[in-house]
Every structure is written in structure tokens, then in C-alpha cells.
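To keep things clear, I will list the structure first and then write my remarks on it.
We call the chains A, B and C, going by the order they appear; numbering starts again at 1 in every chain.
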Amino acid sequence: MEKTAAEIASFLNGRVSGNGGVVIANVCGIDEADEGDLTFVANPKYLKKLKTTKASAILVSADIAAPGKNLIIVEDPYTALGKVLGLFYPEEKDFPGIHRQAFVEEGAVISEKAAIHPGAFIGRDAKIADGVIIYPGVFIGRDVSIGEDAVIYPNVSIYRKCIIGKRVILHAGVVVGSDGFGFTRPAVENFKIPQVGIVQIDDDVEIGANCTIDRATMGKTWIQRNVKIDNLVQIAHNVVIGENSVIAAQSGISGSAKLGRSVILGGQVGLVGHIQIGDNVMAAAQSGIHKDVPANQIVSGSPHMPHRKWLAAEACLPKLPEMRNTIATLTRRLEELEEKLLGKIQR
Amino acid sequence: MEKTAAEIASFLNGRVSGNGGVVIANVCGIDEADEGDLTFVANPKYLKKLKTTKASAILVSADIAAPGKNLIIVEDPYTALGKVLGLFYPEEKDFPGIHRQAFVEEGAVISEKAAIHPGAFIGRDAKIADGVIIYPGVFIGRDVSIGEDAVIYPNVSIYRKCIIGKRVILHAGVVVGSDGFGFTRPAVENFKIPQVGIVQIDDDVEIGANCTIDRATMGKTWIQRNVKIDNLVQIAHNVVIGENSVIAAQSGISGSAKLGRSVILGGQVGLVGHIQIGDNVMAAAQSGIHKDVPANQIVSGSPHMPHRKWLAAEACLPKLPEMRNTIATLTRRLEELEEKLLGKIQR
Amino acid sequence: MEKTAAEIASFLNGRVSGNGGVVIANVCGIDEADEGDLTFVANPKYLKKLKTTKASAILVSADIAAPGKNLIIVEDPYTALGKVLGLFYPEEKDFPGIHRQAFVEEGAVISEKAAIHPGAFIGRDAKIADGVIIYPGVFIGRDVSIGEDAVIYPNVSIYRKCIIGKRVILHAGVVVGSDGFGFTRPAVENFKIPQVGIVQIDDDVEIGANCTIDRATMGKTWIQRNVKIDNLVQIAHNVVIGENSVIAAQSGISGSAKLGRSVILGGQVGLVGHIQIGDNVMAAAQSGIHKDVPANQIVSGSPHMPHRKWLAAEACLPKLPEMRNTIATLTRRLEELEEKLLGKIQR
């Protein structure tokens, strides 16, 4: 595909500063970009590369100047990049149909507009809507339903009765609906509590590779609309994640924790069970959250505390040995002073 | 299924306080429960909901009172819940047989009472006992043996020669018997040590989705009887986990560590290699365990320390900036005192 | 296989101290070794077991003495062990060929010297070189290329266009080329940035079970030659890992981070995005790395600091309550002193 800078600017509702006639054939990172390429600057860290890039045009925001460069000025360069990538590299659409080497149990209801690849398994009474793509090696359990235009990548396993919304993307290796971790008299008897609930994943959710989302003991584990989850995240039974929330890789959320809307968890965060996290809470990477967090807070640390408090506390950690020495010195000097002076004065 | 409260109490060896004739058709969480539902209270956090629940009956322990409610009084409400769930929602048993679209190598020995689903692979000389269920996409390597009534969920991979006990449950995506991480001259040459041992998983073990359990360099990695492991846990080569132990999600145990019986690890715990953890040790979530822990200890923190010590230490963390300021102030005041007084008195 | 100690010593360019004629039939850990077995001591922790082992011969370095034992003295006993294991337990080579129950799309180019197992999927225009082994349940996307003698274990998923080098080993459940985690206006809109780059894995890389390696937004995520990665590791989009680096289990590397050569990360380490880690850096287990680390540093802690500084700091943690008490006591004593003495002297 080839487009001029002016055409791209028009597509993005932006404007060109420089030569709008320059022809763009590819979109690239700023280090790799060459003649004929469009690139972008969204992170200020990369601003200094503006001067040296060989790109034919650069997506930037209005506050950026770069004399002699062809700039496409847009409100949000990262969003604009997303749109341009979608324009230049449209997703290949699979032909619909059930491959003859797919494994389909009797009673599965599959739209003729869905694509079922070889080696995928669709269980009895599962419902697969229009436009769904099911890759090889996927297991769709009995009574599962998959909403329109969902994409289920290879080797995903979805246990019985779970509900997957429209346009949901499950990356390879995701497990949905495995048994919650519930045992009584733990480490003594380990008597298993049957896990008879389900997982419900609402529309527009995307879940990263090899995540695990356990079914509820009773009721449902619930990932609400437009939640985005990175790779290798663990969601335990009966967890609720509010809409638009974003969870980075390798975080883990224990049983029955409830997250509000628009919560952001950094990577490798851990939450204990049965807590409430308010709307818009942000937790820094590697936080350990052990109790409720009210809405709109930013927290860090393990155990977590308000982020500003944590910044102040963690700045002291490397000073601890010095602090300890100073305390010892002060103690000695105070003792000397007490001995000498109290002796002299009080006697 | 419908049962009266009295019938359920009898099944549980409990007793009814209230109307034993009320009919129960479902089992639900306390928030969702409505007329015709049984619910339970095991965690004191939910006691306050006793008054407002619409459930027709509630499983509780003997110390709970709720005037006007129908209570089924049992020794341990959570265990009772497990039994009732098993009663109301019995597991569907698969018909036995080898599906014609399963991939079975010559020389595999499969009981006629086992169920092998389409798309499962059974390698040469593998032995599959009575009552085993093998879901689609499972890989059973050569010479693997699977004990009676084990359930192997979709897309599990079991490498050659590993031994799986009776009634073991492996959730979707589990990997058993991948090579241990052994290289000499690390980061210089990375010469691979062949991993020629196996994994042995004893009876009644349950392993969560997407866990990884590496085979031993020589000998065996060994998960003993009735151990329960949550999702995304890493077990390295030559680890031994003693019977009845319970390991929460995303924990990782490094090579040749030996855990005693009835050890409990919280989520995201890490253990270094070649250490011994005594019987009944408990480690709090996100602990980092860097050396042996004697039996019966509770530990927390990274690096770990006795739990009480950690509680005291972590309570000081938010106070660090204040402590540091106080030390600076004390130093200044002491200097002033020394200067003024020593000057006056000693001269 | 049977070999004398002298034959083994000769194979290893080592020498025998004791009886070179003793016959070895197996290689075992020092605890399990019995007559006819060879064992080894590489970790000083196990030196004390030299006296009591029943092994017929022991691989040791030149500085070890064990009167009455048959020693095979080599430069590096662990490397020697690796070589002997390769000798005694050679890997079984699969017959080449495409199994009739493999799923191969038209246009895939597969060497006749590759082994494609039943239930594996090879996409259109994928290229599979000589000697490659592809296990059941593997998904090879379209336009993927796999280099000579690579081994792709069961249920691995490789998305379109990714490039896998020679002799690469991908353990079961690995995901290569899933979409990077890129959304604009996170937690508000979560607009998805198409991920149109690839993953390139160079020769001799080994990647542990259930790891996830995301494709680049644009360009490539790049794992360089001879890197070794343990299980359940997360590599985000556009990360570069320099050759010979070693990454332990459950570590996570955020987007666009660049690691130099011969970097070593312990288990459960986390790195934020867009940082540079110099050559030969070592990070202790559970470190949290939040900014650039210059070459040749050893770091620990979360947030990380130089390892020696961390050792000194963490040794103070259990002393914090005592330090806090001492500060309170000093403050009280200083106040008393100030009051008494300043009162007496200055008035």
C-alpha cells in the first residue's frame, strides 16, 4: 500500500507540516525507519531521535517541532499509529467454514460464518456465533458459548458452560474455566470443594497468552467489558474485574477479590482474596495488595501503601545501614554526655 | 434435584434450626441466593450478610445464631458445602472408549474403561488405567503411565516416562516432564546438561492450569500424595514436595529444594534451590525463601524472616522517612548540646 | 551401556584416582547411587556425602580428595556430568516424515528429513528445515520458518511470520508471536494498537515450558543466539535479549527493554519497559528493575540497588523495630538532658 503524507493526515484528521506529497509505503519504529517509511514519537524518551531519523514522515503531537522534517500532526500520536497500522496492515480474514479435520461433537451449534480450523474441538451444545475464528488445538467444552467475531487462538482451553462475549480475543494457551482452588482443611485433609460455577467474559475483552481464569465455586468469575489482560496472569474463582481495567503480565488476583472499573495493575502484582479495589485504582509493578483500596488511589510496595508514602520509604532503604550506625553513635555520645554532665551537675 | 433442609442436614450429619421442611433446589453464594436456595457462611467476613440473605437455608457452624432463619448446623460449613455441591451437581461421567480421531501409537496399553477424546495423543508403551479421562489436545509421551481415575484436561503435555498416580487431576495446559534448567558455564557457554530423570506424581494430587513441572536431571522430581497446586506454579528439576502440601498460584520452587509434609505456600512465593523446608511450614504470599526453614515456622518477606518479626519490621517501613528526619534532628541537637555544655563545663 | 571408569575418564580427558577398571552401568545422584553407578560432586554443599556414597566412581575436580574412593578427576565435574549423561542416555531420534494425521496447509514447505507428528498444524508458506521435530498439538502459523534440527515440543503455538533458528528448543506450551500488550488511552478507551511485527529467535536458544514471547508492534522482538530461558517467563513486545543470556523461571521483561550479552536474571525478576541492561549484568531473584543498569553490575531488591548495598540494607530490616525504639528513647533522654542542663546552665 502507498499513501501520501497528506492522505494519511486526512485519514487521521490531522495536518501536515512539511511536504504532504511524500509517499509512504511502510510504518516503522524510529530506529529502523528509512526513506518511504512513516514513524512516530509518543514517548518523550525518543524525542531526541527526531533529528536523526531517516523516516519520510513522523506522527507527532502539536507541541513538537522538527525543522526540515515532514510531520503529521495529530492529537494523540500513539492512537494515530494504531489507526495507520490498521490501514497499512489489515488483518487477513479467514474463509468461514468447519474444516473436515476439526472435531465437532453432535449437538454443537456453529454459525456458517464461523471458521473452525483443523484440530479444534467443539463440544456438545456449544454455540459458536457469526465471524468467530477458532484456531487449531482449541478446546471448546460442552455448553460453552462464543460471541460474534471472537478470535480464539491456538491451544486455548475453555471448560464447560463458560460464556465468551463478542469480539473477545483469547491468545494462545489461555485456560478459561479450570477449577477454582478450593479445599477444606488445607494441608491436613485437602478435601476438594466442587467448583460448579462458570466464567463469564464480556464483550471486547482481550486476554494474553497462557493466562488462567478459574471458574467460580458457585455463580461466576466475571471479566467485564473491554478489560485487557496481559500474558501469564492468574484470575482466581469468583473474582470480578470491572470494565476497562488493564492488568499487566504475571499479576495474580486471589479468590473473590472485586476490582472496580478502570483499575490498572502493573506487572507481577499480587492481590489477596476477598478484598475490594475501587474504581481507577493504580497499583505499581510488584505491589502486594493485602486489603481494600479506596477508589482513585495509587499504591505501591508489598505490603502496599499510598504511592507517595512508598516513594519516600523506599528512598530510605539504601540509607538503613547509615541510619543504624548513626543511631549507635548517637547512643554512645548521649551516654557519654549523660555520664559526664549529670555526674558533674547533679552531684 | 430437590431436597428438604432436613434431608440435607441428615446427609451432612448436622441438624436443622428452623423449618426442616423447606425445599432446596440449588446451592448459591450468599449474595445471589434466593428462595429455594441453600447458601453458607464459613468466612466471618460474610456473617453480616446472614440477616439479609434471601436463601431458604444456610449452612453454619454451631456458634452462629440467626433468629428467623433456617440454619443447617454442621461442624465445618465449608466442608459441608463441598459435600452438598457434590450431591446437587454430580460430575458427568464420560463414556469410556478410544475416539477414532484420537492419535494412538502402536504399543500403547489403554484400558477399555478409559475415555480417550479426539485429538489426544498417546505414545508408544504408555499405560492408561481404568477410569482415566484424557481430553482433546493432550500429549501423553512414550512410556508414561497414568493411574486409575486420573483426569487429564485439554492440552496437557506429559513428556516420556513420567508417572502419574491414581485420581490425579491435571488441569488444562499443565506441562509435566519438560527439561530441567541445567546449563554449565552459564552466560558464557550454556552447555546443556541432559535431563534424563522423570517426574513422579503420587495419588490424589491436583495441579492447576498451566503449571510447569520439570523432569529431574537424574532420579525424579517428586510430588507426593494429596499435594494441591494452584495455577501457573513452577516446579524445577529434582524438587520434592511432601504429602498434603498446598501451593498457591504463581509460586516457584527452584531446583533440588525439598519441602516437607503439609507445607503451605502463599501466592507468588519464590524458593531458591537446594534448600530444605520442614513439615508444616507456612510462607506468606510473595515471600522469598533463601535458606532452610525449620519445621512448624511461619515466614514472610523477601528475604524471609519469622512472620512476627516481619510484621513488626514492615510496620516500620512507612515510618522510615520520619525516623530518618528524627535521627538528623537528634544529631543536630546533640551536637549543640555537646558544644554548648562541654564547652562551658569542661573549660 | 557399560564402560569402565578408565574409559569414561579418557572420554572426558580426565584421569582416574583409584580403580580404573571398575565397571559403570548408570549415572545417578549422590544419594541414590549404588554399586555400578557413577555420580558427581559439583556443589560444595554435597561434599560431605563423598564419604558415604555407594557409587562405584565419582566425578570430581582436582582439589577434592576421598581416600578409598574411585575418583574421575576432571576440570569441571558438572560439564563432565553433562557429557557422560549424553553418552549413557543418547536421545532417541524420531523417524522423519509427515504423519498422515498431521494438519498441513497447502503451500507449506517441509523437508523430507523433518518429523511432523499427528495433530500438529503447519500453516501455508511455513518452512520447516531438515531434522526439525514437531510434536503433536503444535501450531505453526503461516509464513513461519523453523531452522535445522529445532525441536518444537507439544502444544507450542507460533503465530504467523515468526522466525525460529537452528537447534532451537521450544518446550511444551510455549507461545511465540502473540500480540504485544499495546493499547492507547489505557483504562479509558483501551484502543488496540495492531501488532504487525514478528519474533525472531536465533540459533541454539532454548525456551522453557509455557513461556510467552510477544510479537513486536513493528520490527521484531529478538532473542539472540544461545539465550536460555526457564519456564513461565514473559517477554513483551520489542524486547531484545543479548546472546548467551540466562533468564530464570517466572521473570518478566516489559516492552522495548534491551538486555546486553550474558545477562543473568534470577527467578521472578521484573523489568519495566524501555530500559537498557548492560552486558554481564546479574539480577538476584525477585529483583524489580526500574531503570537502566550499567554493564557488569550485580543488583538486588525491588526497587533494585547494587547487590552489596542491598545486602547491607536488608540486614537492617529485622532491626527496624529496635531502631525505632532506640530513636524514641534517645529523643526522650535528649529532651531530659536539654531540659535539666540547659535550664541549670543557661539560666
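One rule holds in what follows: a contact is a pair of C-beta atoms (placed from the backbone, for glycine too) under 8 Å apart; a residue touches a chain by one contact, two chains touch by 3 or more.
Because the structure is predicted, anything quoted here is derived from the model rather than measured.
The copies chain A and chain C differ by a rotation of 120 degrees on their C-alpha atoms, rounded to the nearest 5. Although chain A and chain B share one sequence, what matters here is the overlap of their interface residues, and that overlap falls short of half of the numbers used.
Taking the mean of the C-alpha atoms as each chain's centre, chain A and chain B sit 24 Å apart. Residue positions of chain B with contacts to 2 or more other chains are 119, 137, 155, 173, 210, 232, 250, 268, 302, 317, 320, 323, 327, 330, 334, 337, 341, 345. Those residues of chain B that touch chain C in the shared complex are 103, 119, 121, 137, 139, 155, 157, 159, 173, 175, 178-179, 181-194, 196, 210, 212, 214, 217-219, 232, 234, 236, 238, 250, 252, 254, 268, 270, 272, 274, 288, 290, 301-303, 305, 309, 312-313, 315-317, 319-320, 323, 326-327, 330, 333-334, 337, 340-341, 344-345.
Chain C makes touch with chain B in their complex at residues 27-29, 32, 43, 45, 76, 78-79, 81-82, 85-86, 88-89, 91, 101, 117-119, 135-137, 153-155, 169, 171-173, 204, 206, 208-210, 226, 228, 230-232, 244-246, 248-250, 262-264, 267-268, 280, 285-286, 302, 314, 317-318, 320-321, 323-324, 327, 330-331, 334, 337-338, 341-342, 345-346.
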